[in-house]
Amino acid sequence: MIPLSWIFFLSLSLFTIGIFGVLARRNLLFILISLELMLNAVVLLFIAGSRYHPTSIANSDGQIMYILILTLAASEIAIGLSLVIHMYRQHHHLDIDKLNQLRD
Amino acid sequence: MTLFILLFIPLIGGMLAWYSEKFNANLPKKIALVSLLCCWLPLFSPLNNIIFNDNSFALSQWLLNEPHSWIPIFNIGAHLAMDGLSLLLIVLTLLMGLVALSSAWHEITKRTGFFYLNLLWTLAGVIGVFLAIDLFLFFVFWEVMLVPMYFLISIWGYENRHYAAIKFFIFTQAGGLLMLLSLCALVGVHFQQTGLLTFDYIILLQNPISGDLAFWIALGFTIAFLVKLPALPFHSWLPDAHTQAPTAASVILAAVLLKTGGYGIIRFVLPLFPDASLILAPSMMLIGVIGIIYGAMMAFVQTDLKRLVAYSSVSHMGFVLLGCFAFNIYALQGAVMQMLAHGISTSALFVLVGMIQHRYHTRDLNKLGGLWSKLPKLSAFGLFFGIASLGMPGLGNFVAEFLILLGSFEQYPKLTIFAASGLILAAIYSLLLIYKTFFGQIKGPHDSKISDTNTKEWVTLLSMCFILIYLGLHPQPFFDLTYTSLTNLTFIPSNIGS
Amino acid sequence: MTYYASLLSLIPLLPLFSALILLFSKPNKLTTALLAVGSISGAACISLFLNFVFWQQTDFVLTSNLGNWIKIAQLHINFSLYLDALSLVMITIITGVGALIHLYSIGFMYQDKDFKRYFTYLNLFVSAMLFLVLADNLLLLYLGWEGVGLCSYLLIGFWYQDRDNNLAANKAFLMTRIGDTAMALGLFLLFIELGTLNIQDLQVQALSVWSSSNNNMANLCCLLLLGGALGKSAQFPLQNWLPDAMAGPTPVSALIHAATMVTAGIYLIARNSQLFQMAPDVMYLIAFIGTITLLLGASAAMVQSDLKRILAYSTISQLGYMFLALGVGAGASAVFHLMTHAFFKALLFLSAGALIYSLHHEHNIFKMGGLLKKLPIVATSFAIGCAALASLPFTSGFFSKELILEQLIDSGHTNFWWAAVLGAFITAFYSARLFFVVFLGDSKQSPDKQPEKIMSLVLLLLCFFSLFGGIQPSGIQTLMPKLNASGLTTLQHWLPIVLPFIAISLAWWMFKTNLFGKTITVPALQYFHQLLKSGWAFDRIYQVIFVSPFKFLCQLNKSDIIDLHYRALEKISKLLHKKFSQFQNGKLRCYNASLIIFCVLAFAWFIKGALMS
Amino acid sequence: MIDNLFLISAAVILISALLTITAHNVVHALLYLVVTMLAVSMVFFLLGASFAAALQIIVYAGAIMVLFIFVTMMLHQGEKSLAQERHLFHFSTSIGAFILTLILFCELIFILFFMPLDIDNALTHTYHSEFISVKQIGKQLYGPYSLLVVISAMMLLSALITAIHISKSAHILPKTTKNQEAKL
């Protein structure tokens, strides 16, 4: 049986890689990709959590939560990508640092 | 109900004046005048039973007492009451309202309706402050009188009026909030100690709270009133507010708004926190004395006429502070008298400065000079009020300052010697004022069409002269009026002072 | 008796009413003059009448109450007047000399366009002085005291167009105001110690409360009251306002700065004599200040070139004599000298006024000369005045000064006696110098017009008084021991009589060798001459010690240090705003980074928390 | 046996994740992402969540990643974007981000392993082995969690509408913005 701490380590490192991706990359697409990574890390934990839940009967809450996160990811990506298209149409580049008109 | 009528007349009058502007331009003035005059009617009953049968104080300190409930849950009552002290100050307010009206008669031309609304609402706020017995109601009126005054300064003021108005607003608002805090703390502590949640002054008076928390609450109240009575550390809003305010606003500001600070100390700080104010007394008297000297020294170097008069009122108010915390009957009577006399003499000076500015369009002392040869009547009044402000015996200021110094000499002789030096400094800046504006050679342009005082100005100034002389030569009725409300403050503690 | 009381209350009120009428109405010159002089001469007649009534009685008291002023707790003050021998003398002087000076100033001020304003102030002054002298309690005295100061300020600065007059007026008012504040403190102390401000009760209370003489509270009170007296009577520390006060019209200088106002200080001390008896040290101080002022005034008068400044310094020195007399306890002789001095000094000032009037505002004595023939009346009055000033025998000045000198010896202060005699010598010298330089010698200027008839009439009247002013009402006699020359040695008796003649001959010799007008070459002597001319450089001393530091301090603080703090507060908040707005730079990555930073910090805090426990 | 299977898939996950974020070419990054997703579904299988794994493969890797690739193709990035990408992301600029994430990583590791939390003993003793059948999930889904279903439905609907709206306005906008610029 896989000790939970390993899974913790795995999801945690996946999450950190995702964060690095968000912070380091200046291309909007890559930010979305690393966002996906972070989502996967979280889902991993949910599933592991429900699997190791100390109750007598089998617990499937993790998987239900997975379904919800799945729909979330899907809708989020749909909107994200349409924004990317929109941005590309308007600015012809995807560099996020150039989008700072909201400041003044 | 008479007190509520007295309160609502200016409020409604203000609204009417504002509304009437649509019909024609100078209707608001007349409405304002009418509403001010009929403010005197509710006062008629207490006034004549004081003059004719003077047993009005036999039964209780309050001439008129009208408790009504307002917010029952917190036991906040719309409780108005008038005693000798508040009657005096209300009469002063109404008088100064008329003076402000007369000085604004020709001077204010744009948006007159809104001007008279603000003027009358400030007066209503001040009358409310002098009548309110319920602490919460007192705070409400404290704010009511502040906002219209802000508009008066910021709309009809002179060159950098916005700076002055905002500064005035922030200072007084900060003071007001501090007062609200200490007010709630007071009610809270009172509730803990006696289990009775009330904002009513008379009930709070029965069992004054003590202990170090009482000290901090007393300090909160005192600082709020020190900001309003411009004592030294918090005085810097006054010169700006006065220089930028139109004449009518600075008359109201000088004559009445400063007195709410003094009134607050006498009415709320001294009786509600007896032992805390004993601890506070030495430092407050020190602030008063420093205020006297500092205000006088500042007045001495000013080149702007209105700033000079403003700093002089900082110095005079230092005397009031000295008188309030000296805890004996002479000093307290002197403080009340100083508030009256200062109200009249300084507002007269402001009316004069307004007239000079109206004619010569400048307040700069270096540009003014030799007015006596051009405007003898105006300069004669200027000389009279300049002399009054330096405390010439036979006029109100002298009686007040003499009593204050006499009272504080009994408690702190060494401190009073410095305060007495204030008399010399007052002479210095008053003589400077008179010399720089009225005597010497004419510097300004020689257009001869500048007219001397017209009858309206002449009547207002002359009536103020007679009041000051009456105050100086026959102050006894004023002393008897405030005697009852001041005697219970003068528990002369044996321990303080040499 | 009540008839007299109402008469008494009329004395101060008459000038007051006439002043008020003049203030509010606009009469022509004639009615103004009539009203003004009428009211003063009315008061003069009443006081003369009271003199006759009380001529024989020795100790009489007349009081009248005009109404209640202040009544709180123990402080009972009312407008009540109190007349006894001392104040009777004072009101006779004030109203007598006042009436004459009013009469004189009709002529003197006739051309001036502010005729009405002049007489209003003059009437106000006389009524304030009368209130001062007749006051029953110290507060009413203080009211008169300040009123007198105010009117002297207004009258010195009467010709307000000229800048120096205003400065002189301000200086006079401020110097006296310093004295008045000291006196006010004295009043407070007296009220707290003795519980009353009524003058007669004070004397009685002082005896009972301060049993042992010379306790420090008595000293302190008398010292403070003395402060007021010094300010008003231009004595040692506060005397340099009087020479500048000559900027006003000459009748004003005659009335205020010779006869009446400057004597207020002496009246105050004489009135509270029992109080001052309780403080011998203060009495000695008064005598000491008297001598210093005496010598200071006389020496300064020796070298002046301005006609009126000489008379001003001589007034200071004569007042020094009176203070000296008060200091050694001879109150009556001081008052007697005050009376005679009022007459002959008023005479001197008025004749000086006539001189200036006819020489068209010429003040410098070295530009006048040989006027004996051209202005006979002025010359004779000047001669009599100078004689009385130098106390030549059989003039009124002689009687009063001799009396003071004799009192000095009686009370054993021989060192003061020597100083007084030296003063007398210098006085005789400068009065002789004044007379010779102005009236003898070659004439440099000829007068363009003779003085008005009314002015000459007044001069003659005053000549009469200054010659025969020696006679006094019986009331004063009782206060004053007879002129018995018992205790004096021959030298002490004859020296003061011979001395003026020596001084006059010295002055005559110097005039003949015209040493007076010559410019002095010796630097040391020149420096000393300059020192004396500026009244021992008191103006410069006070300028350096008090005025310029005060001005510097005020200028330093012109923009209100406390206000700067509030403005600095405003600047700081603006600065912070600028700093923090840099964080809102619109870059998403910065916002993400700050988010992550916060998580890192939160975890660190959590770890620290867990590790600590 | 399961353990070393888990270790392999964990390694694959980590490596491909690292490659995803460091790739310059978007398509490479996407493909590495797909590999990560598959490896994650492998781990789900190991944990007994077969339904979740299947979903992962079908929906996540299948649909979402395909959508991603589809969009990147629409943006006809071409060679220019590769050079741009190299300019946008190179190691020196992201040193700050790297340090920050490293600190975060160490903190999390520290909390996980060195903090005296008692997670291990609670879990090891009672675990059960049988798989969770789809029927069971279905009952749960439409039983107590029916609200969850409604919410996710709503979410999907709103995402749909927004995506359509934004992409539709994307057409019109560029034209209007051009003549707006002309007007300015």
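So that you can tell them apart, the chains are marked A, B, C and D in the order they are listed, and the count of residues begins at 1 in each.
The rule is short, and it goes like this: a contact is a pair of C-beta atoms (placed from the backbone, for glycine too) under 8 Å apart; a residue touches a chain by one contact, two chains touch by 3 or more.
Please read these numbers as outputs of a predicted model, since none were measured by experiment.
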C-D against A-D, pair bridged by the larger set of C-beta contacts: A-D
Length of the line joining the C-alpha centres of chain C and chain D, rounded to whole Å: 102
Between chain A and chain D, centroid-to-centroid distance (C-alpha), Å: 4
Mean-CA-position distance for chain D and chain B (Å): 72
Averaged-CA centre spacing for the pair chain C and chain A, given as whole angstrom: 98
Residues of chain A touching at least two other chains: 19, 23, 26
Chain B: positions in contact with at least two other chains: none
Multi-chain contact residues (two or more partners), chain C: 593, 596
Inter-chain touch pairs (all): A-C, A-D, B-C, C-D
Complex contact set, residues of chain C against chain D: 593, 596-597, 599-600, 603-604, 606-607, 610
Chain A residues within the chain D interface of the complex: 1-10, 12-14, 16-21, 23-27, 29-30, 32-34, 36-37, 40, 43-44, 47-48, 50-52, 54, 56-64, 66-68, 70-79, 81-86, 88-90, 93-95
Chain B to chain C touching residues, read off their complex: 167, 232-233, 235-236, 239, 297-298, 300-301, 329-330, 333, 370, 372-373, 387, 392-394, 398-399, 402-403, 405-406, 409-410, 413, 416-417, 420-421, 423-424, 427-428, 431-432, 435, 438-441, 473-476, 479, 483
Interfacial residue positions of chain C with respect to chain B in the complex: 67-73, 75, 139, 142-143, 145-147, 150, 153, 157, 160-161, 163, 166, 170, 173-174, 177-178, 180-181, 184-185, 187-189, 191-192, 550, 553-555, 557-558, 560, 562-563, 566
Interfacial residue positions of chain D with respect to chain A in the complex: 2-3, 6, 10, 13-14, 17-18, 20-21, 26, 29-30, 33, 36-37, 40, 43-44, 46-49, 51-52, 55-56, 59-60, 63-64, 67-68, 71-72, 74-75, 84-85, 88-89, 93-94, 96-98, 100-101, 104-105, 108-109, 112-113, 119-120, 122-128, 130-132, 136-137, 140-141, 145, 148, 151-152, 155-156, 158-160, 162-163, 166-167, 169-170, 173-174, 177
